[in-house]
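Heads up, the next two complexes both have subunit A, just with different partners, subunit B and then subunit C.
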Partner chain A sequence: MIYPDSKVLLEVRGLRATVNGIEILKGIDLTVRSGEVHAIMGTNGSGKSTFAKVLAGHSAYQVTGGSVLFEGKNLFDLDPAERARAGVFLAFQYPIEIPGVANSHFLRLAYNTVQAQRGKDELDPLEFEDFVREKMKLLEMSPDFLDRGVNEGFSGGEKKRNEILQMALLEPRLAILDETDSGLDIDALRIVTNGVNRLANRDNATILVTHYQRMLNYIVPDFVHVMQSGRIIRTGGKDLAFDLEAHGYDGIGNAQPVAAGA
Partner chain B sequence: MSMSMVTGNSYLESLLQGQPQLPPSPLAWFNRLRASAVDRAGMLKVPTTRDEEWRFTDISPLAKLSFHPVRTVPSLQKEDIARFYVEGTSATLVFVDGIYMPELSVQSNRTADLIVTNLSAALATHAHAMEPHLGRHAAFQDNLFAALNTAFLHDGALIIAPRNTAIERPVHVLFIATQAESTSHPRCLLIAEPGSAVTVVEDYVTLQEGPYITNAVTEIAIGDNAQVSHTRLQRDSGQAFHMANSAVSLARASRYRSISVAFGARISRYDLNARLAAEGAECSVDGLALINERQLADTHTCIDHASPDGTSRQLHKCIIDGAAHGVFNGKIIVRPGAQRTDSSQSSRNLLLSARAHIDTKPQLEIFADDVKCAHGATVGQLDNEELFYLKSRGLSEVAARNLLTYAFGAEIIDRIPIASLKRRLEQTVLEQTQRN
Partner chain C sequence: MSAVLQNLVNQPYKHGFVTDIESDIAPKGLNEDIIRLISTKKSEPEWLLEFRLNAYHQWLKMKEPEWPNVKYPKIDFQAISYYAAPKPKKKLSSMDEVDPELLRTFEKLGVPMNERAALAGVAVDVIFDSVSVATTYKQKLAEVGIIFCSISEAVHAHPHLVKQYLGTVVPVGDNYYAALNSAVFTDGTFCFIPKGVKCPMDLSTYFRINTEESGQFERTLIVAEEGASVSYLEGCTAPKFDTNQLHAAVVELIALDNADIKYSTVQNWYAGDENGIGGIYNFVTKRGLAKGVNSRISWTQVETGSAITWKYPSCILQGDNSVGEFYSVAVTNNYQQADTGTKMIHIGKNTRSTIVSKGISAGHSNNSYRGLVRIAPTATGARNYSQCDSMLIGDQCSANTFPYIQVRNQAAKVEHEASTSKIGEDQLFYFAQRGIGNEEAVSMIINGFCKDVFQQLPMEFAVEATKLLGFKLEGSVG
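After this line comes the complex of A and B, so read on.
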């Protein structure tokens, strides 16, 4: 939701990035204020997932130009763990399976790391168990998922729910959801998006990276950006997503870029 | 039994010095067994890296040191070794520097029919049960270390699980090293009578960090329809030499579950031979070596499918850090007539430093045509995507690496059937993988 006079959380200017020497991001500008929900849409290969991973600090991507300020500080001064502790969260398109690490153990480690950073109390396993079970209700997850290996043998929908569970625990300032709708059936999509909506407030912001308009029926964006060939070529309100659905990416491809957040 | 068979090798000389002290037994077969082992030990040479079975494992540092057999042991109280006891056992046998310690052992929870005793006492009472098995499974004709152990045979652990009885609580056999520059020859004999089920933990620990030699032999005879779970823990000092041979014989429709874990020793070599001697036998042979600095851990296994309808499963893992060196040689034999054998083997290795080194070798010898045999080996480092995932949740690089390393080893530790021991070892793995 757009609030008057809300703070700028993320300021991206002229961001360029390469992977294996190939330029994927070719000058991205984006401003995200607290309270806002932004959708970044684009075809496969447009660079939208790369943008998400660059923000989270994946080492496979080289930043070759531009700047990103997060709450006024240079994001690239922070390693991925420091970004997470500062309040940047990436929900993975393909959450990683880690057999041998109990999900509860992983969730508690992550939670306590971020709590410690914020000067808050860490929870012991018993306290955490009660805490996480409450959060799991939000995502209609069975407590059984605590005892299993991290994402091990989870279905696509279960993995995405586990991602949003982590978001619920870490309470990020900026959540970037990379194709969180992919591979979800209607029920799972409803549960996951409902969770995301419940977590949104006027102090945080969400960037939805998605190919399809479908998720935007559940999470209503304040801004829709269309990415193509490593640039944002068009920015509009939520109706832009319907235009895309009606006319396809080709149909709007030649429009003039509009400054984000304007 | 004289010194006359001693070779020119100083290591062998020093080892065989203890031999004349062993009193002869009233049992002729026992004396013959020992005498023939003394003969073989005198003839066999210390293996070198020119021997195929020892290609990757250079034990020449062993020959350079002088070791002596143990004559006296320090007096220990149960409190001194409290941390090594496993709770809820049916019996615990404790050996200090290879010598049986009745006052440290625990027999109180043993059910009446289960026999857990020291071998030399059992020679007077259970010789008849032992004779078909002792020295019959662990062949020493071509194995110097098994020959040496048998040449020094005078005591050890004897466990007999009685017919058609499931022993619920595990039996713990604890070998504690307390003296530097000493040699001990631990020996275990486990007889699982037909239809029995028993869980045994064979455990090597130390109270000091100097060099010493442990040269162990374990024989396990599993009767028809019997089940044995065998957990073997090697936690010797980082300066120690640990040589060990286990030989397992599986009768019809019997089951053997083995989990061996090696954390310790400067150089360790473990040979496990499991022979599926009759139809329908099943075994699982899992292992974990977690080593660092200049440690070498060599595991050689041989699963011998000698009869039809046998099943074997094997997962062996090494976590190697520093300049350590892991060796795994997994031989699977499927003999002619061992039809419908179902066997799979996997060797997975994690190298944590640029100087860490692994030699892994599957070795399949299949002489039957209706068999299913799968094997595979992987060598890798920690996965970057997994690391990034953990870091993106706030875990530091070091914390993320430690957690993934721990997880790699935990897959094996998880299989240990004793909850309290499992938790303790998980803690050990966590500590060993948690650096800076």
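After this line comes the complex of A and C, so read on.
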């Protein structure tokens, strides 16, 4: 939701990045204020997932130009773990399986790491169990998920729910959801998006990276950005997503880049 | 990121000190005279000298195995000393008589040799170079009829038992290194659990090679009579030398009807430095005979040390309904090489075996699983399940799996699963994105990967193994 006079959380200016020497991001500008929900849409290869990973600090990508300020500080001064502890959260498009590591152990370690960073109390395994079970209800997850290996043998929908569960635990300032809707059936989509909506508040912000308008029926964005060839080529309100659905990405191409909220 | 991984896997060896202790070392080289010397030093009976000489003559005719997937310069067997003992070599009647320097060594290594300070419930036999220096809890075990002593002592105190079983599972001419061991073995551990006795505590042997020019050739013999059970633990370390030391042990287990032997190893011999200089050649033959009906032999090994590891703890499942198990974690780093696995030989009806092997390779190392599952025509209803997983850290190392399956009975079931995974940027990035740093991530990934094996270890050993892997792969950031 757009709140008047809310603080700028993320300020991206002229961001360029390469992978294996190939330029993928060719000058991205984006401003996200707390409370807002932004959707970034685009075809495969438009650079939207790369943008998400660059913000989170994936080492496969080289930043070659531009700047990103997160809460006024240079994001690139922080390594990936420091960014996570500072409140940048990425829900993975393909969550990683870690066989043999109990989900509860992983979740608690992540939670306590971020809690410690915020100067808050860490939870022992028993306290955490109660805490996480509450959060799991939000995502209609069975407690069995705690004893299984992290994402090990999870279905696509279960993995995505586990991502949003982590988001619920870590309470990030900025959540970036990379194609969280892909591979979800209607029920799972409802559960996951409901979880995301419940977590959104005035002090945080969400960036949805998605291919389809479908997800935006459940999470209503304040801004929709269309990416093409490594740039944001159009920015509008939620209706822009419907235009895209009706006319396709080709139908709205070649417009002038517009910086959101600028 | 690969630089991060490299730092993570570099960790100095903590047991690399040499104890300054006067040793009685035999002249280098191997011949009949040396074998007679060893036998005389240990005042052995004639039959054992014959056993040794027979092995030696067979060894002379054998060739070093060349099939393992490891590379090393040819070993000069005449440059090795086959006997090294801490002086003074006299009969020790209590722990108080053990050289204080030796006691300090084992204290440094964290071996509970002092009975009062011993970890509750673990009886320890300690082998220093070639001889056994102390056995704890002997008295208490004797009360229930259990014999737990050095094999040299057993030769004198229980000759009929040693003679009855020695070399029955691993014949003297079984293979090159077993023949060598049979000719020159200097000490080791003997355990005998009589009929119907459940051993009330874990039995443990701690091996240490201290002398640069010596080899260590220990011999372990464990017999569990009808209905008996025992859990046996073995740990190993050695000082750092630029030369390679040879360790060629033989372990024989015999389980009679309804008997149960669980044998756990944490092997942390010196592995050589980061350039592959020095380290132990660990060429070991371990085999268990599940002779009786419903008997069970279970091997669990955590192999982290040695420049080269060549060992295949095996089970011969002779008794009907007998069970064989092999749980293994083998970690190689730098230039270490491991070719390890198991053999499950099904002979009896309804025999069952389980193989779980986890290989972790880092640095420039090479880690191979080699396993044989053989179902004899007599083994109706036999079943085997094998799972061999490899994990790679970095892109300079390699992992191989060589499963051999021979089924000669139609009513048998054999399953084999294998996987290879890599600790890659994506996994570490996932942890990092949740605020968890690389070191902790690697440790969690490795321990998760090894979980199926670690949970087979007795509690204290599982803790030690977890820590050891941490040291080995995690790095020591202060």
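By definition in this document, the second predicted complex is superposed on the first by the 261 of 262 C-alpha atoms of A that agree within 3 Å, B and C clash if a C-alpha of one lies under 4 Å from a C-alpha of the other, contacts with A are read in each partner's own complex, and residues count from 1 in each chain.
We adopt the following convention: a residue touches a chain if its C-beta (ideal position, glycine included) is under 8 Å from a C-beta of that chain, and two chains touch if they have at least 3 such contacts.
Please read all numbers here as calculations on a predicted model, not as lab measurements.
Trainee: For A:35, select first, second, both or neither according to whether it touches subunit B, subunit C, the two together, or no partner.
Mentor: After superposition on chain A, A:35 lies in contact with neither partner.
Trainee: Quick one: classify A:56 as touching subunit B (first), subunit C (second), both or neither.
Mentor: After superposition on chain A, A:56 lies in contact with both partners, subunit B and subunit C.
Trainee: Contacts for A:85 in the overlay, against subunit B (first) and subunit C (second): which applies, first, second, both or neither?
Mentor: Both: A:85 reaches subunit B and subunit C.
Trainee: Between subunit B (first) and subunit C (second), which does A:100 come into contact with in this model arrangement: first, second, both, or neither?
Mentor: both
Trainee: Just checking: does A:117 make contact with subunit B only, subunit C only, both, or neither of them? Give me first, second, both or neither.
Mentor: In the superposition, A:117 contacts both subunit B and subunit C.
Trainee: Which parts of subunit A are in contact with subunit B and also with subunit C?
Mentor: Touching subunit B and subunit C on subunit A: residues 56-60, 79-81, 83-85, 89-90, 92, 95-96, 98-101, 106, 109-110, 113-114, 117, 149, 166, 170.
Trainee: Which of the residues in subunit A come into contact with subunit B in the complex?
Mentor: Checking each residue of subunit A against subunit B gives 56-60, 79-81, 83-85, 89-90, 92, 95-96, 98-101, 106, 109-110, 113-114, 117, 149, 166, 170.
Trainee: Which residues of subunit A touch subunit C in their complex?
Mentor: 56-60, 79-81, 83-85, 89-90, 92, 95-96, 98-101, 105-106, 109-110, 113-114, 117, 149-150, 166, 170
Trainee: Taking the complex as given, what residues does subunit B use to touch subunit A?
Mentor: Result: residues 384-386, 388-397, 399-400, 403-404, 406-411, 414 of subunit B touch subunit A.
Trainee: Show which residues of subunit C lie in contact with subunit A when the two form their complex.
Mentor: On the subunit C side, the touching residues are 1, 421, 425-427, 429-438, 440, 444-445, 447-452.
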